[in-house]
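Both complexes below contain chain A, partnered by chain B and then by chain C.
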Partner chain A sequence: MPKFQIDGKEFEFKNGQTVLEVALENGIDIPHFCYHPLLSISGNCRMCLVEIEKMPKLMISCSTLAAEGMVVHTQSERAINARKAVMEFFLINHPLDCPICDEAGECKLQDYTYQHSIGESRFTETKNLKEKRVPLGPYVMFDGDRCIACSRCIRFCDEIAKSSQLTFVKRGDRVTIETFPGMQLDNSYSLNVTDICPVGALTNRDFRFKARVWDMSATKSVCIGCSRGCNIEVWVRSNEIMRLTPRFNPDVNQYWMCDEGRLKTWKHVNSDTRINGPQLRKNGTLAEVGWDEAYAFAISELKNFNKDEIGIILSSSASMEDNYMGIKFGKSVLGAKYFGYKSKVLKGSGDDILITDDKAPNTFGLELLLKSFSVRIENSFEQVMSLINEGKIKALLVIEDDILSGSEELNKTLDRLDLLIVTASNMNKTAEKAHIIFAASTYAEKNGTFVNVSGRIQRTKPAVVTSERERSLDGFEMSRLDKFGTEWDKWGKVNKIEARASWKILNGLGVVMGQKLKYNMAEEVFVDLSKTIDKLSGLDYRAIGETGVQLKLTNTN
Partner chain B sequence: MHRIVLPDIKNLQEIDVYLANQGYYGARLAFQKSPDDIIEIVKKSGLRGRGGAAFLTGLKWSFMPKVTSKPKYLCVNGDESEPGSFKDRQIFEFNPHQLIEGILITCYAIGAQTAYIYIRGEYHKWIKPVQKAIDEAYNNGFIGSRMKETFGTQFSCDIFIHKGAGAYICGEESSLMNSIEGQRAYPRVKPPFPAQNGLWGNPTTINNVETITNVPPIIKNGSEWFSSIGEPKHPGTLLFGVSGHVNKPGVYELPTGTLLTDIIEKYAGGVINAKRIKCIIPGGTSMPPLKGDSIEGLKMDAESLRAAGSAIGTGGIIVMDEDTDLVKVLARMTKFYYHESCGQCTPCREGTGWMLKILKRILDGKGTKSDLDLLISIANNIDGNTVCALGEAAAWPVKFTIARFRDEFENRVNESIQIPVNNKVHSMRKTKNPIDNIEIR
Partner chain C sequence: MAKKKRLKDLNFLEKIYLPEISKGLVQTFKKMFQPRFTMEYPEVKFEPPDSYRGRPVLVQEENGEERCVACGLCSRVCPALAIEIQAGETEREKERYPERFEINMIRCIFCGLCEEVCPEEAIIMSKDYELVFSNREDALYGKDKLLVPINELQDRINFLRKHK
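Our next item is the complex of A and B:
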């Protein structure tokens, strides 16, 4: 391989790599604003200027190809002075409203100001003013004063979202961002521009002014909005989710996620429709009860039915662990024969970027499970529903799915049941009809695994505590407030929901009804289930890690 | 005396007159030679670009790939926006057919079948004669598919005018290509250079109008004829546009190497009221200004001007007499670059406005001595750190005017009475963009 030098050290490179790429690969941080690994090179910010021997001018490292024998200096006096100069230029008209800026704490301009600027301003003129608070679309707000004209947002729309909606207008230091006439920034990926905007010029309207970055914890997890399973971080303050952001995974979602996933997959976790503890139907109305009473009642009720009279609805949205316990409890404890799950495929709703047609994150995994137990997959849900209509199935256990949603006609079907038990995190149409509701934890409150559309198994991790957990003791990601908040801190009062993971609820029922194995942790369930599926054998949570493991696929998948 | 680009022939813009004076004969000769021969002749002639950088034209053409599956293009740069420069429009008005003939020969040499003449939008008056000439040339079979019959060659090409919308930056060659493509006229990061990756990603050559108009006579009369005119290292004639405090401002075609003092005295009628020259810009405002008392014996060609600490640029000579307020001049020039900066890259986008604000403050009598060094420092921080040469064009006048006329600037800041504290807090902001209020005429 050819070699060249950066700051006295020799590095190998592949032909076609730029100086900046090689530097970043080797942990040398050449500061940059407009360069983004997945966007075209723009070369406008001039922050990555370096000195290259035998070249008269300083060169931008983002567009200069590495060449055999090249000698690059990132720390020479000229290079350092150029960075200081560029930082000074950036700051002269910048509003410096860090104290009220959402970007503060994760702002490239702020960070580089500490690292690379002269620390004082020689600018004594009046700053330029631009439009503040311009809604560019339904989700994104623009602040012209803060924009450093790096063009990342424009290039993102053109090149990644494939819908050109943003442009620069005007010239010189009047340059600003606008949408094209008659257009809005409303592509399905619009909020990604708020992540890649190096400053607080583009902000998420859903998150603006909600929380300071350092007051939140960030937990690595996976989006449950569709079967792509984009890797995400769940940002929590005072036990409430404040926002989701995409997390880099080159094999799944790169740096991106869709707006639907970002905005619509977590509001239920904080919502007041949460089911707070188990409920039983007494005299026609649902009433909150303790876990023991709910278990006891469920067991005594279930005993009234034959094996053939019990149906179980699993969920392609629920984790491997929850579905596994659903099948295991159904088969070995109840002896049930009929299992089904309701497909969440919306034909034509996907695109060729990230969004898939299947609005469930774990269809692939659920089908692997069903196959390993030799359970019917095709039309399994319709079969269970018609058996209810025929009066053959009289008791139904629904695990984490609102089967009535979008299927009002099933109301009558469910009316025929003698017993409806559900595990659910939020009150929904199905739960409203239930005789017994077990309060279930959401994906944001538990460990779990999901297999995405291309057969990659990935983990969710708890970011929000429920009543059975403790932030510090149970190894949660911690924010500044979690670590240093006092008991008088008004943020410190956290609201904990009384809920359990579905696998735990089912295991609890099973143990009382004679099931041998008692599981204490989700990972124990996983290790057990991994033994029943060849493709998962040998895996554990550590092996799956933060970015998941691609399962080996055969033609039959 | 040689007049190559604007011969002294009445109504030469009429095709009949042009034809009666050996019009399109150069093209006919060229098509009998190989493209490589043409490039060789132009190389030997020593022709250098008239668009500002005085780059060797034959060498530039030789960068075009010989073998490629892509179409190739010629762009003829008639954006002519450099303040002090008004020469290309003389060609548009008085000798458009020689420009067209030059385009045909150039296209043949570099293998292009399409040429765009990019003309600044403000030149609508001069777009008409060029379009008329193009139409006539088409009608007479000198352009387009009929070229094959007219010249008995396999080669043919088309010529289109592309009208700019009025931005100095569109004269920068990569910006010009973006503009033709219908993109925002942002200069491109180089490399890749236009010969590899130009118009729509295809090999492209960009030349100035005057450069191309020099080509037919070179083909007709040979490279030795051309290289013997003027200064050997920068041969031929230049269209000098003289403006400012002279009695007869105008465009004068003179051999390179003509004395600057001769241009002013003999041709431009001398300085108005026979005043002394305080400052003179030899090549358009982007080039460093010279002191009036330093131009004795100064020849007007690329090498001599470089040695004198300036550059030939586009040959736009601006004469300023002893009464000129150079602070005001510099502020006005800086306002131009501030206004025309495309805003793509940080140093130029932010630096031009900053320099303007300081200069405006000095004009208002609120300058301080440290402002002068600050201005030079800002200019140095722009210089060399930008995407395109507009950065330098904005920085050089500031750097060199202050350096060469420091006394005048120091006197001005010493007269200041007030030290500014201008940074208003956020809540006090009432005005719109403060720079909108800056009036310098």
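Our next item is the complex of A and C:
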């Protein structure tokens, strides 16, 4: 492989790689604004200037191809001075209003101002003012003053989101960003521009001013919006989710996630509709009870039914652990024969970027499980529903799915049931009909695994604490406030929902019925279930890690 | 136990005490005719100098608005984690304002770092030292107690501008 030198050290490179790429790969940080690994090279910010021997002028390292024998200096006096000069130009018109800027704390310009700037301004004239607070689309707000005209957002729309909606207008120091006439920044991926904008010019309207980045903890997890399973970080302050951001995974979502996933997959976690503790229907109305009472009641009711009269609805949105326990409890404890799950495929709703047709994050995994237990899956949901209509199934256990939503015709079907038990996190149409509700944790409150559309198994980690856990003891991510707060501080007095993971609820029911296996942790459930499925054998949470493991697929899939 | 040796043994005159007592009494009588420094608080109140750091307060402009833009820097710098802020959006030019601003006066150690870090000269150490509460909840000072009209704080602001 050809070699060249950066700052006195030899590095190998592949033909076609730029100086900046090789440097970043080897941990040499050449500051840059407009370069982004997945966008085309624009070369307009001039921040990545380096000195290359035998070249008369300084070169921008993002567009200079590495060549055999090249000698690059990133720390020479000329390079450093050039960087300072570039920073000075950027700051001529930049407002530096960090105190009211949401980007503060994760801003490239702020960081570079500390690292590479002279620390004071020689510019005494009035700054060029541009438009502030311009809503570019439903989700993104633009602040013209802060824009450094790097064009990342424009290139993102053109190249990644494949919908050209943004453009530069005007020239020189009056240049600013606008949407094309009659257009809005409303593509399905628009919020990614707020992540890649190196400054606070583009902000998330849903998150604006809600929290400072340094007051939140970030937990590595996976989006449950569709079967792609984009890797995300869940940002939490005072036990409340504030925002989601995408997390880099070259094999799944690169640096991106869709707006739908970013905005709509977590609002239910902090919502008023959360079910707080188990509920039983007494004289027609639901009343909150303790866990033990609910377990005992559920078991005594279930005992009134024959094996053939019990149906179990699993969920392609629930984790492997929850579904595994659903099948196991159903088969070995209740002896049930009828299992099914409601498909969440919306034909045509996907695209060829990230969004898939299947709005459930774990269909692949659930089918693996059903297959390993040799449970019939074709039209299983419809079969269970028609058996209820025929009066053959009289008791139904629904795990984490609102089967009535979008299927109002099933109202009458569920009315025929003698017993409906659900595990649910939020009050929904199905739960309203239930005789027994077990309060379930959401994906943001438990450990779990999900298998995405291409057969990659990935982990969610708990970011929000429920009543059964303690943030400081159970290995949760901790923000500064979490670390030092006490129960008498307002932010320390967090609202904990009384809920348990569905696998734990089923485990609890099983124990009351005398089942021998008793699980304490999600990982124990996973280790057991990985033994029943060949493709998962040998895996545990550590092996799945932060970015997941691709399962070996055979033709039978 | 070993007997501890004194740094200096008393001489004879010191040992008989009487001369030493009269020396002390001379001091006492001298002070009786000098001006007094003690104050009969609370009948007489102490007027602190401008350099005094009483409880931190928020500056309220003449139009009734707070100066604070809810940047959270004071809350970040506060070594005692006494300050909690929830920012919100406003129509004002500076976009951002504190929807909620609370200082836990049990936590506050009157260090003045919040005042020092504030980019807006919005949080100021006042001359108020009379803090009374009988339970934890009352010690949480919200915007209602924190906002103080700017003319009452002018002394401190002038002092800061001179010395910052």
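Everything that follows uses one rule, which is that the second predicted complex is superposed on the first by the 551 of 557 C-alpha atoms of A that agree within 3 Å, B and C clash if a C-alpha of one lies under 4 Å from a C-alpha of the other, contacts with A are read in each partner's own complex, and residues count from 1 in each chain.
The definition used in the following text is that contacts are C-beta pairs under 8 Å (C-beta built on N, C-alpha and C of every residue); 3 or more make two chains touch, one makes a residue touch a chain.
What you see is a predicted model, and the numbers here were worked out from it, not measured in a lab.
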Now for A:484: first (chain B), second (chain C), both, or neither, which partner does it touch?
second
Tell me which partner A:99 touches in the superposition: chain B (first), chain C (second), both or neither.
second
Contact-wise, after the overlay, does A:209 reach chain B, chain C, both or neither (first, second, both, neither)?
second
Could you tell me if A:43 is touching chain B, chain C, both of them or neither one (first, second, both, neither)?
first
Thinking of the overlay built on chain A, is A:125 touched by chain B (first), by chain C (second), by both, or by neither?
first
Have a look at where A:248 lands relative to chain B and chain C in the superposition and call it first, second, both or neither.
neither
Who touches more of chain A, chain B or chain C?
B
Using the superposition on chain A described above, determine whether A:172 touches chain B (first), chain C (second), both, or neither.
first
What residues on chain B touch chain A, complex-wise?
167, 169, 184, 189, 191, 338-347, 349-354, 357-358, 361, 374, 377, 381, 384-387, 420-424, 426, 429, 431-435
In the complex formed with chain A, which residues of chain C make contact?
69-73, 75-76, 81, 84, 87-89, 94-96, 102, 104, 107, 119-120, 136, 140
Under the stated contact criterion, what part of chain A meets chain B in this complex?
41-47, 49, 57-58, 60, 63, 82, 85-86, 88-90, 92-93, 95, 97, 122-130, 148-149, 167-168, 170-175
Could you list, by residue number, the parts of chain A that touch chain C in their complex?
98-100, 104, 132-133, 208-210, 212, 214-215, 481, 484-485, 488-491
